[in-house]
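One structure is given here, and the rest of the page talks about it.
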Amino acid sequence: MINKENMYIQSREQIAEDTIEMVLENQWISQKAVPGQFLHISVPGHTLRRPISIADINKDAGTTTILFKITGSGTESLAAYQQGMSFDVLGPSGNGFPLTNEREQTILLIGGGIGVPPLHYLGKTLAEQGKHVIAVLGFQTDRHVFYETEFQEFAETYIVTDDGSYGASGFVTDLLGDIGEFDQYYTCGPLPMLQAVKKQLTDKEGYISLEERMGCGIGACFACVIPEAGTSGYRKICKDGPVFRAEEVAL
Amino acid sequence: MINKENMYIQSREQIAEDTIEMVLENQWISQKAVPGQFLHISVPGHTLRRPISIADINKDAGTTTILFKITGSGTESLAAYQQGMSFDVLGPSGNGFPLTNEREQTILLIGGGIGVPPLHYLGKTLAEQGKHVIAVLGFQTDRHVFYETEFQEFAETYIVTDDGSYGASGFVTDLLGDIGEFDQYYTCGPLPMLQAVKKQLTDKEGYISLEERMGCGIGACFACVIPEAGTSGYRKICKDGPVFRAEEVAL
Amino acid sequence: MTDLSVQLPGLNLKNPVMPASGCFGFGREYSEFYDLSRLGAVIMKAATGTARYGNSTPRVAETASGMLNAIGLQNPGVEKIIETEVPFLADYDVPVIANIAGSTVEEYQKVAEAFNHTDDVHALELNISCPNVKEGGLQFGTDPGMAAEVTQAVKQASRLPVYVKLSPNVSDIASMAKAVEDAGAAGLSMINTLSGMQMDLPSKKPLLANGTGGLSGPAIKPVAIRMIYEVKQQVNIPIIGMGGITSAEDVLEFLLAGADAVAVGTANFQNPFVCPEIIEKLPEVLHTYGIDSVKAATGKGVPIYE
Amino acid sequence: MTDLSVQLPGLNLKNPVMPASGCFGFGREYSEFYDLSRLGAVIMKAATGTARYGNSTPRVAETASGMLNAIGLQNPGVEKIIETEVPFLADYDVPVIANIAGSTVEEYQKVAEAFNHTDDVHALELNISCPNVKEGGLQFGTDPGMAAEVTQAVKQASRLPVYVKLSPNVSDIASMAKAVEDAGAAGLSMINTLSGMQMDLPSKKPLLANGTGGLSGPAIKPVAIRMIYEVKQQVNIPIIGMGGITSAEDVLEFLLAGADAVAVGTANFQNPFVCPEIIEKLPEVLHTYGIDSVKAATGKGVPIYE
């Protein structure tokens, strides 16, 4: 169930170019959220809330971590918030990634830029379930790389940058051939990356987390739709997603 | 000359019901301003600036004091500003009260509610010039009274409250008969008070400080006009005023 | 006790506040936040003759104190709505208004007719801002003659009172209001969104896939108030006012300008509790300004009703 | 170097940014903040045949991301303006546009004619949002026939290029634009303010003494962009765009939608330096989006110009 909650900023740090990490205190969110869900954050002075993925949860501490990139006026305002301040969120929102219970599986995480955050909490959770996790994470340049060590704690981690200034050079899809065997993939990132991944991994079971501009964020306004594959219908990203089976949606 | 300046809040205190005093640091304003001028304050999230009178100046410290009442969304936002924060003002704006140089005069100040602040800096300046100053200050109730002791430092001070909960009971005009002789008056307050004062003191030289909703605050938009007495023309309160000779304007 | 109740054709409202069409779906999502019986009424999302899939995305954009939307009337079609959505709302103690849309007079009639077969819808809100396919895309909502024609046709097809929802994108809103009043409208609903656009700088194209979208939110409130004030002086049917309402003070502003009841749209997205919060605050706000009932506030700011 | 210059009928602009009429007086006050020669042009406050004293106060109100004004065309009359204001502006290296208004076609013509006698005014901006006294208060700005008539009349009376300033309070802005283009307008200026109102809760009356007022500021930007985009596809004369501009990004949005130059109104009140600040920032913003001149940006977002 989605609540309207106040979240207090326990810490705030810039972890890469234009990229902010915030650890937020709130019992409801930290106890209820599952990997892949998001927070719908109210930014004063802005009509619409901003959807930001949950990047980590510490249930004991009652904290939720988010990572976001400053891309416009809303995230810019949000970035100016300091420790001790609070903001209003709706959450936890949407459906998360399905967590199957079969052990011994190998899971591939494919993240691009600011699509990386939801995969962090997902991978950590999968690893705790005993799965083998491989992460291929793409960033623009070395200045944009974040959370490499955090992923290394639970995953075999490969970094790619567009310009080769850190890790491998190119796109995440360039590495997929070299990864070895895996059972399922989970991906989040810019649309062209998702399209390329889906195309390249048609034979695999995969889950995709999507982004779209939102109105309500709870399924009432029909703003955030994605065409359903094989029908003339739509799914709502905020309510039916943001995570979908790869074959379920037409990218 | 009006500048666009940043003013830093050196202190902020609630001094009466819904009434805030702020001491603001800025060299330009504190060196240039004269009694009766105002600051045109930018309040983020608001299209229009808010005009607030200068209530005191300390040239040595480079500070300017303002007093304002929380009456709407703009003053409410402004009241939430804390020490150390800053805001953007245009100032010093408008023309102040004329300060004649003849000594030995007795000057009567008549202030109502949030019209009291500009009279404070005026009275202090007149007293420094060696004038005898009498102040009649009206407030709604005892909870709204402010700056009594500050006025007592330079003026023979009378307080009136609408409900008699402090000082005399009634309106400032009820006291004007008992004050004794004076040479000039200066008044600022709600329109009905100004009208009553002007009517009662037709035989005296008087100066009135007026309020009106403003657009530009510098004389360019013709929003803040007051009919000129005896002509079909208008004067601009922000540029020609806010202080006018009593007989110059049609209230 | 401040009396919040309002009686309008077909609608017994316990208070004047309802969610606006398209901003509340069919109530399901908001029912998880609060009991829908607290609302004055519920206006459902637009229903069309058959299912519509709407426009491509992006469908919304943010603007200064407002937003643009171009959802494109996505809805499962009137039959499905009657089958699955209306019964859900019928479980609450709240009047239900069906917003109806179409591309031809015949489609409007078909949708209106369909709602005759349920007892759980209490009024129709006729959305005339849709382009008329037959007339080459001309909007019903900007031509008094076409607006009157579709009003009359829907009135004939329906046993329910018909509230006509006016578009603000017109030179003369009072003529539109009078035309639909003469055509038999039971009431007016105003305003729908202003037509607007945002350019996306990186792509150098309109941001919304549809190009233009409807502007809503606090930005348009002054336009809504002006139009209601103008119309109130020229028609005698009740007005459901909307456009940028976010607070009980805003509601009072609409009532004074001539609204009998109000709808809240965009504000639901910022705060899902906005409707019940406004309803709770309204008595205090009316009291502050010396008004003891919603009915007494309606039109108080309009010269002929003072 | 990014080329900011724009050549329009009668106007050689070194950059596309000018203050909007009524928001800058006759430039005197702003000249104390910066050198007016930095501006693309200056549009003066409306001139009428004889002095006008305007409306009672309050004349302005604040709204969400906007404001309402009902100044009522206060101005000293065209003769006085030519005598005292135009010479002041002539001292700057900046083209001057005279905004002209009237209650009758004859008054418009008289004002236009008067500006023939100075060399220091380079174009007229014809404000057609004024009610026509003779036609019972009907606005020139909402009827294409009347708009064409006054455009033609002014064109006959004047030796200067005539830019017609369109009112957004119409059902069909493109028809208005085409009507004045056919009548000989050299260019368009759009948009003027949206008609709006605010109710004052304590007095239970409209806050502005005039009742209604003109809505301006960022709130109306999406409406301005939409109208310019629509008009650009139907006319071939240049457009001076305005409505809610506060930044260089906003300027680019207007250019992409079809504006050749822009005017900044309400934003001057918040920041008297807004025009020179935008001008200074514009090259960087154009560069960010890969555009190397203002001329190249104009209409880039409009299908037929892509």
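Just so it is clear, A, B, C and D label the chains in written order, and each chain counts residues from 1 on its own.
Criterion: contacts are C-beta pairs under 8 Å (C-beta built on N, C-alpha and C of every residue); 3 or more make two chains touch, one makes a residue touch a chain.
As the structure is a computational prediction, the values presented were derived from the model and not from experiment.
Novice: What's the overlap between the neighbours of chain B and those of chain D?
Specialist: Chains in contact with chain B as well as chain D: not a single one.
Novice: On a CA-centroid basis, which chain has its centre farthest from chain C's?
Specialist: Most remote chain from chain C, centroid-wise, comes out as B.
Novice: For chain A and chain B, let me know how many angstrom lie between their CA-based centres, rounded off.
Specialist: 56
Novice: As a quick test, compute the distance in whole Å between the mean CA positions of chain A and chain C.
Specialist: 36
Novice: Using Cα averages as centroids, what's the distance between chain A and chain D in whole Å?
Specialist: That pair's centroid distance is 47 Å.
Novice: Quick check: how many Å separate the C-alpha centres of chain C and chain D?
Specialist: Averaging C-alpha atoms per chain gives centres 33 Å apart.
Novice: If a residue has to touch 2 or more other chains to count, which residues of chain B qualify?
Specialist: Touching at least two other chains: none.
Novice: Using the touch definition from the top, which residues of chain C touch two or more other chains?
Specialist: In chain C, the residues touching two or more other chains are 63, 65-66, 217-218.
Novice: If we count contacts the way the header does, which residues on chain A are in touch with chain C in the complex?
Specialist: Touching chain C from chain A are residues 1-2, 4, 42, 46-49, 74, 90, 212-226, 232-234, 239.
Novice: State the interface residues of chain C toward chain A in the complex, per the touch definition above.
Specialist: The touching residues are 22-25, 28-30, 32-33, 45, 53-54, 57-63, 65-67, 69, 71, 74, 217-218, 266, 268-273.
Novice: Residues of chain C touching chain D in their complex?
Specialist: On the chain C side, the touching residues are 63-66, 68, 142-143, 169-172, 194-199, 201-202, 204-206, 211-213, 215, 217-223, 225-226, 229, 244, 249, 252-253, 256-257, 289, 300-301.
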